[in-house]
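Look for chain A in each of the two complexes below; its partner is chain B in the first and chain C in the second.
Up next, the complex of A and B:
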């Protein structure tokens, strides 16, 4: 909108003030700051281990970026993780599915759950926030109902390769996350699907009048959100070796925080995968750094809340200064 | 735009029917109908002490749903209220154990609730950060803060005088029920007939039109959040005093139960429409359903699935009904 009239000096300032740039600088400062505080922090082992731990949130944060760019939101992701985990464990243990089939089945259930969100949002036009609040309760409720509070354990050894194994010294799931980041990044940047996401977020009516397949693209974004929640559940179950109905609780907060911290506007129309990745890494390192300096796990939830509000406050005041 | 069209009821016989066939009468009918059906299956459901338990144990949800309704009517949402109620209950209980005067323990959650919610209202109204983000952040601040301060320890040995829920008005109406009914009535009257209360609907229907007619959307929004905090304070008090112990953690999923009550009660998620009477009735209905499941031998682990289905169905019905009315108004 104001891009045409911006002077050269302002555009130089803009590159400097770009959310991702500021964030990347902050990240480097935080890394060394935390490294100075604790000599166990800046070690290869610790950093790789943190990569392992952030994969579950990361896999969800990628489609979440898509969804938020369209101006929507999905707060049901944590519940979908719980549902997929339960479906995986239940269909294997109680229905007698072979484990690979159980995994595929749980991914299909995740995709179906996401598709259901998308259908209610695009067909019936219920606002995304309300739809996903309702399905959050529903999916978590289904997980609780199916499991009847029983946990499933005793998976075969090969199953743990994904969650606990290494490939060339790199945690298996971190490789999957890296591949997923590359795919989502390219799709967002270089495909008409990705560009349509931005068009919908900036002005949905205009996108519709430009004959863009608005509903189909939104439907795909929410379905991806469900599918990736399923993959996240698979990784999670494989890492912690058990299945419980309260799995993934609160994941929505971490994923949304990572995306917003990464500079994606909650009003839609702007945002990048790279930003979300930096946001994700920031949150994980913050958690880890704080834990190493002796802050308890629960207090780090508090810090994430502060960071979330602060980052959006700063982003909106930067935005205002630009305009 | 749509809000104006909705207030104009079609003329003729349909008006009378529609007047009667509101969300409130529908809910009241559902409450009675469910009681009859479950009572036939298992007469113990209708025992006086079970019905009293349903009301007593859930009055705090209804009270919190009043404030939530106001917030949703303005077109916003708050998902921090469950965590806030947990924090306020703990503060109140800790003060009581520390020997503070009972009046102080009862007033502290109200004041603190207004302060926290008012602050969120200021950020939403004046800085322009969406309510979903602010309250999501506040949720984790409150949740994390509470657990790291208390370590999840239960508060016990509460002084006898602290238990608001033990007081009975006229010797038979328990205090929580009286507060629930009283708060709903006051809020309903205020929102129906006072200009300040009407302003809540105005900014939810069309903020720009409201501004042009002399209502300050920002100030009204801060007021709504502050009131929501006040009701959350009362809810926390009822929550804290209903048992002899206070679990100093945030009741998980409470915010969703409260939002469900508001939405099932007929508060439109698109803003501008809804009443607090509906929200209170819906809170009672949800509590009744939860209790009924136990009496017809359904595992309590299915409660959330039923609740989720209920909210989804109501929301879809709400949108469909609006669409049909809009289509009717355009004809």
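Up next, the complex of A and C:
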């Protein structure tokens, strides 16, 4: 770590050089730039709609931040979303659960799936990337097997309120995302749980020898990942009014991209919820703004890729400056 | 103890995962609609059925743009495959011929419904006059299409339908039972009435494929009862996956498999390639829906005898003409036919579907005449 100076100017400079600040500045520049090119981009209607659409990835990106801070990764989140969606539909339609119970059951399945990930990673000590690649296939296969390719439709109207309704003009799921961001942010910043996450990511052995509950914290992080996947699945099914076994495919990459864009180091030990949120918003608004400006789908993907690479370069150069 | 639990759980999960091919019993087209198999003999597909009341949606407060220029966006299931390149060409040709239509094709690079919804959502925000679509999922696409209708945007589907109230009209390339009859009859002609076959499709819930398979099962039960349906596998409109799935079927059933159906324009050439690579040309028949260009090498090598399709360029052409007719007020709820430029008058069937015509069979004799 760099030598600590007490000069106020030096610490102000350090704030400006933080990854999150640079990213936030880039986001504001991008917003205004895209708004200039297209007059429908900066409307309240459009922005709220984008908020609605980014909730599913956002809910997953929050625990993903925790997981990556500990130096691990979870690529099975997309498959967990698919599994929870199928379980929701299947338990309601085929097992006859009342719909609220089916929702709770699917959340429980999501948490159990995350717990399974965590147990394999902490007890059997299989590296996170290998475990979650394996469970990715496992959960997706389970989803296909349980659903037997049937999709479940015909939910009652109140069920769609979460995915398609508004509360005081704000999309319902966006409110849930905002609450989740606040909770996760406070937990990471202000609790010992959050500090343990950073400690594990910086140096797991030292954390263990400092009598920190390393295994318990990692287990909780992965379980949270599963639980939030379940909530994301609930929002998704409510938004598209059907369940399909291929739901959630590719979500893991979108969530990881948002988290890495936000400045979380893939080696663990640093990162913030606010960074992940800015990363999430940046990707969503870039995709939306470019599409509204008339850029076609394939070009948009290239731009997102370039932005991601640029962000990782900036993050690593800032990290080198700090050291 | 923990290891034991985990291994049992994994074993159970793998057992379930192995089951991911649908078995022959009880295929309900994944959409619970009834099937209506055609007659077994060679009579032509029936004339338009008795008129069903109009069941399409309605654009709310659509601005009156009769005879004025309109801008359309076409959002197919995915872009970058020959079939949708052809429909896109048809749309461009139709737009050029009409003169007052600006049409653009844009869509996801993979056949994912979530991505397609986002594309349509963005175009609603940017304010197009009309949306043409081919849905990846009939129910999931409905909310965003209804949103388009509520904002006064006209919605016409082609190739793959949504729920009827989410769009104004749907251009159906051929009747589902007509395609089923053409496919099953071709297979029976090539490998006989006692054959066993497998099916390679996109996903089990893609609307058009699901309906075709349901109709094929009903028609097979009625007119080719001795033909055995072994398994259906998903291949997501992906080339490599289709090839792998077809090869898996060939390896799994060996001699017991005499025919493969390809239900998408990606699955059929991939299945033909799998059969060629396994040196089973002539022993395993490949029948399917595909664009002529993709199948020319296999048809000329006598690996594939016939390809069932319609003309996707005509499909796109018809879709854009239907959209123009809707905007001009020339096609309203309750009409029984619509004028589609060089295609002449197309009939309205099933309430709000417009029929392109009977399916077309491409074989060695005529496949070289087409270039798409």
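Please note the rule applied: the second predicted complex is superposed on the first by the 301 of 323 C-alpha atoms of A that agree within 3 Å, B and C clash if a C-alpha of one lies under 4 Å from a C-alpha of the other, contacts with A are read in each partner's own complex, and residues count from 1 in each chain.
The rule we apply is simple: contacts are C-beta pairs under 8 Å (C-beta built on N, C-alpha and C of every residue); 3 or more make two chains touch, one makes a residue touch a chain.
It should be emphasised that the depicted structure is a prediction, and the values quoted were computed from it without experimental measurement.
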(request) Kindly say whether there is room for both chain B and chain C on chain A in the superposition, answering fit or clash. (result) clash
(request) Using the touch definition from the top, say if A:164 reaches chain B (first), chain C (second), both or neither. (result) second
(message) Which partner chains sit in contact with A:119 here, chain B, chain C, both or neither? Use first/second/both/neither.
(response) second
(message) Once chain A of both complexes is superposed, is A:40 in touch with chain B (first), chain C (second), both, or neither?
(response) second
(message) Quick check for you: in the superposed arrangement, does A:308 touch first (chain B), second (chain C), both or neither?
(response) first
(message) With both complexes superposed on chain A, which partner does A:138 reach: first (chain B), second (chain C), both or neither?
(response) both
(request) Return first, second, both or neither, reflecting whether A:288 touches chain B, chain C, both chains, or no partner chain. (result) second
(request) Have a look at where A:148 lands relative to chain B and chain C in the superposition and call it first, second, both or neither. (result) both
(message) Output check: A:53 vs chain B and chain C. Expected answer is one of first, second, both, neither. What do you get?
(response) second
(message) Looking at A:244 after the superposition, I want to know if it touches chain B, chain C, both of them or none. Which is it: first, second, both, neither?
(response) second
(request) Could you tell me which of 75-83, 111-119 or 147-155 in chain B overlaps chain C after superposing the two complexes on chain A? (result) 147-155
(request) Kindly list the residues of chain A that each of chain B and chain C touches, one partner per complex. (result) 120, 124, 137-138, 141-142, 144-145, 148-149, 249-250, 296, 298, 301
(message) Give the list of chain A residues in touch with chain C in this complex.
(response) 38, 40, 45-46, 49, 53, 116, 119-120, 123-124, 137-138, 141-142, 144-146, 148-151, 153, 164, 236, 239-242, 244, 246-247, 249-250, 287-288, 291-292, 294, 296-298, 301
(message) With touch defined as at the start, can you tell me which chain A residues reach chain B in the complex?
(response) 73, 75, 120, 124-127, 129-131, 133-142, 144-145, 147-149, 245, 249-250, 253, 256-257, 260, 266-267, 296, 298-306, 308-309, 312-313, 316-317
(message) Using the touch definition from the top, list the residues of chain C that touch chain A in their complex.
(response) 2-3, 6, 9-10, 13-14, 16-20, 22, 28, 30, 79, 106-109, 112-114, 117-119, 121-123, 125-127, 137, 139-140, 142-143, 203-205, 234, 236
(request) Within their complex, state which residues of chain B touch chain A. (result) 77, 79, 123, 127-130, 132-134, 136-145, 147-148, 252-253, 256, 259-260, 263, 269-270, 299, 301-309, 311-312, 315-316, 319-320
